[in-house]
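So, here come the structures, one by one.
Next come two complexes built around chain A: one with chain B, the other with chain C.
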Partner chain A sequence: MTRHGYSGIPRWVLAIAAAAALFVLLPLAAMVARVNWPQFIPLLTSEASLTALGLSLRTAAASTVLCVLLGVPLALVLARGDFPGQRLLRSFVLLPLVLPPVVGGIALLYTFGRQGLLGRSLEVAGIQIAFSTTAVVLAQTFVALPFLVVSLEGALRSAGSRYEAVAATLGARPTTVLRRVTVPLVLPGLASGAVLSFARSLGEFGATLTFAGSLQGVTRTLPLEIYLQRETDADAAVALSLLLVAVAVIVVGLSYRGPAAAGRRAGSSAGSGQVRG
Partner chain B sequence: MTFTLDAAVAARGFDVSLSLAEGETVAVLGPNGAGKSTLLSIVAGLLRPDAGRAQVDGRILFELGPGLNAWTAPHRRGSALLAQEPLLFPHLTALENVAFGPRSAGAARAQARQTARHWLAEVDAADLAGRRPAELSGGQAQRVAVARALAADPELLLLDEPMAALDVHAAPLLRRLLKRVLAGRRAIIVTHDVLDAYMLADRVIVLEQGRITEDGPTRDVLQRPRSRFAAGLAGLNLVAGTVTGTGLRTAAGQEFAGRHEEPPVPGQSGVAAFPPSAVSVFLSEAHGSPRNSFPVTVTDLEPHGDQIRVRAGELSADVTPAASADLGLAPGVGVYFVVKAAAVSIYPA
Partner chain C sequence: MSRLRKAAALLLAGALAAGTAACAAPAGGGGTDKNLTVFAAASLKAPFTALAGEFEASHPGTRVVLSFAGSADLATQLSQGAPADVFASADLKNMAKVADAGLVSGTPRDFASNVLAIAVPPANPAGIESFADLAKPGVKVVVCAAQVPCGAAAKSVQGKTGVALKPVSEESSVTDVLGKVTSGEADAGLVYVTDVRAAGSKVRGIPFPEAAAAVNHYPIAALKTSRNQELSDAFISLVTGAGGRKVLADAGFGSP
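And then the complex of A and B:
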């Protein structure tokens, strides 16, 4: 209200907005209020907790790398390609966003499980995926990939292909254009997509439990550990939850600063492009 | 050694056939939507025509049609594109932008930078080497873009209204620069500005509705336009009709007395061209020495320098503001346009 200028927001909208913000913040505050502070550090540093945290960070990092490796080409094809069934492909790629993770886990099980579509052949080759750390990474990648693809595809579309066309006429091969023009231009979008994928991987529960199980040190990531502890040691569950909240806040902070800063940069160059161009 | 192009894009009603000699610069003029940008996109390889053939110095750029499917990718064509906007890569410095072409051609980093420095100096932008595009003014950025296009050593330079987005101070500077660097270079420049055609091009092509309606040396096209568009650019009134012994007869039966630029061949189709400054405006029909006098209805009045340009449909006349007031000119008023026969040139079209 201290800012000048017309905002045009009705008062009742402000009231509902405040209620909405409370709805998100209040449960977090309630959880913080339940934290057993004297025991906080010991609870966090118990062997089971540290094992789960380490596994979570490693698998989420691996999933993020996998998301980037698979998602960048996919986003490029979706944003720049022109082929029949493109819209259908996009819909299917985004499906994990709205699919219950448990369903994703079951789908993965029937693909990579022992009796699964690919699992049987893999089994013959001596590779078992289900209920291994690899399964955790696959489950996380499955649910997190759409975040990277959506974020990057948006960045690619708003960057447009005019710089790429100019680069091509200057003699750059498509791979050179991708490496020296496309990727640097959408780097902020790629970074925020990667951060969001990491966050989604870190919080993954349903698909992991279904497809990878809950084996300490192998597949029991932090969310699974929290769920397990909740029944035996509520204090430990709350302490670990707070840890995940902290990680989430950091991640969201990073990714929100990312696009905003990127937007400023892109905006300034686009703006100057309009003024000058 | 030449560049030749035949291309058709059915969806855009585009059908153009064009050739450029070694070192020839051609200006492409035409109204909006005539297909000027389509032409450049086809040459650059950014748009695939339905059918046609293009080659540069014996190298096939594309050959498309029934049973033909040869296509050279944009990066192998040697046709650098300079657009209306500089489109400098925002994450690279001016020097790295200019070095982009040589680097893509496989030059070592140091070699590419040396080439880039040379071309930056060529466009008087050596002192801008370390700047990012966001730190350049519009004119500076477009100069760097020119250097970037030239550094790619194109066999054919494509310029798409390079001055259109510049302010009135930056445009003349860039025009002089382009005149210098385009000399002896094979280039196609799309422009709205007749001045660009005069200063930069050896030859002018007028493109209207996807077809070439005029093609000839710049001076000829602008002095003796055959299309209404080129006449508009040259600031001339243009009337089409049939050549007679003494002048020209329009389809409506109007007789124009004039000066034949070539020995007349009565019955041939031709045009009569005369500048608006040669047209006087009267309220009643005037007679006397060989004159053309014809009734028109004023459609528009607009300032033109220190004169008033009186438009009557496709024709226009320039009068002084005082005369305009005396005559009580306003849209809808019926007047006579009078032009001396000596001011009308008639030539076959």
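And then the complex of A and C:
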């Protein structure tokens, strides 16, 4: 916010930056221009749309909870642990970030599917995952987990372990240190990781389609509904796409404001020498 | 740091190369007069690949570029200006969409038909033998959603027979239905006869007489964007002629 700093950005950089911003914004603007406004509300409030939206919000919330439960310990181990194969483990955990989701879906199918690695035992136990909402949540968690792990691991590394060491010398047990020192310190990172996981879950398409199928109210989330509507009703597909864009904008806005505001709070209370611009 | 930069530069170079290659490739459907771009429904993949080979052999110097996708996707691409010479659709509706956009030259001609069949895993775990068996409780049956042609056909068969299915999934393409059957997730799926034929030993096909209630007709037409109408017409003659008939029949397609 200050005007003293060096801000001599070359003009050509500005020009390319403007082109880059346009590259992202123009398609969105083009989509908005295609919206059939008189029909917009009826298209959004059709039964199929509302069911898909409700299912998407519910499954994305469940996946986010699962990501936090699984991702926090994993990030801790990756950031604080010291064991052979740690770098390898990190690479594998991050794999879903770069893997095409459809590949993730196939992998999940051969794990939890009826003929899969665990699927047979699960079916004997009376648990059927294929074609259920559980399958949707599993697919979303699979693709969203790295987002939480990456954000949290970064936060853990930049927070350092000085306070934890102090707490330990004062006699706090590891679980107490984790609960009273570590987690409060990295809460902003955890929050933005959770928001990103939620956003990624909400947009999940390929893994869900491959692994969970598509049935209204059970497995057909908003992206699948958009894909299907596109076959017959382009207006409905555009209206639903805009809805998903709006949700994504809100989510990204939250995750970028969240850490900055919370970071300032954490910085002042912990008294760390953070540079504030 | 410098390693990272090098990697980034490499990545960028790769992306650029891929981008320009994609641009340079078959951008011109009506481009060079020796290229023939054919947009064809995904179910036509095997017979059209064979026919394209035949066509290239009988027209030396000509290259047939085939693009397979769902008929609705292809129709959308065409109306958004994708350059192509010939369009072969898996249903009359999407051909009509392209014709309504003023893109078809001449009249579309039906060249094949297709009916539904039941596909089950080779072991047939649910013991499916007839269409009515699909409605038995506990049978996991997968169909296409009503929005896509195979789903519309499934719906009209249900209407005609009075057998109401309770599918565990309504997929957006027939390949997704087949995938759920070949992976063993579903006990049965409603696909086309030709899909069963193409899947070989991975599924068992069960034809059912009620399928005659919903026959899909495949039309083919030359497009106005074509820069070589003669070549387009020659390809259509091959598809609709005796040679085409035989290749299509081998793939399981019925007569038009």
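Keep this in mind: the second predicted complex is superposed on the first by the 255 of 277 C-alpha atoms of A that agree within 3 Å, B and C clash if a C-alpha of one lies under 4 Å from a C-alpha of the other, contacts with A are read in each partner's own complex, and residues count from 1 in each chain.
Heads up, the rule we're going with is that contacts are C-beta pairs under 8 Å (C-beta built on N, C-alpha and C of every residue); 3 or more make two chains touch, one makes a residue touch a chain.
Since the structure is predicted, the reported quantities are computational estimates derived from the model, not experimental observations.
Peer 1: Now for A:174: first (chain B), second (chain C), both, or neither, which partner does it touch?
Peer 2: first
Peer 1: Pick one for A:154: touches chain B only (first), chain C only (second), both, or neither.
Peer 2: Neither partner.
Peer 1: Which of the residues in chain B end up touching chain A in this complex?
Peer 2: Touch residues, chain B against chain A: 44-46, 73-81, 83-87, 89-91, 100-101, 104-105, 133-134, 136-138, 141-142, 148-149, 152, 158, 165.
Peer 1: Along chain A, where are the residues that touch chain B in the complex?
Peer 2: 162-163, 165-174, 176-177, 180-181, 184-185, 265, 268-269, 272-273, 275-277
Peer 1: Okay, in this complex, where on chain C does chain A touch?
Peer 2: For this pair, the touching residues of chain C are 70, 72, 76, 140, 142, 145, 147-148, 167-172, 176, 179-180, 183-186.
Peer 1: Can you tell me which positions in chain A touch chain C when the two form their complex?
Peer 2: 109, 113-115, 130-131, 209-210, 212-216, 219-220, 224, 227-234
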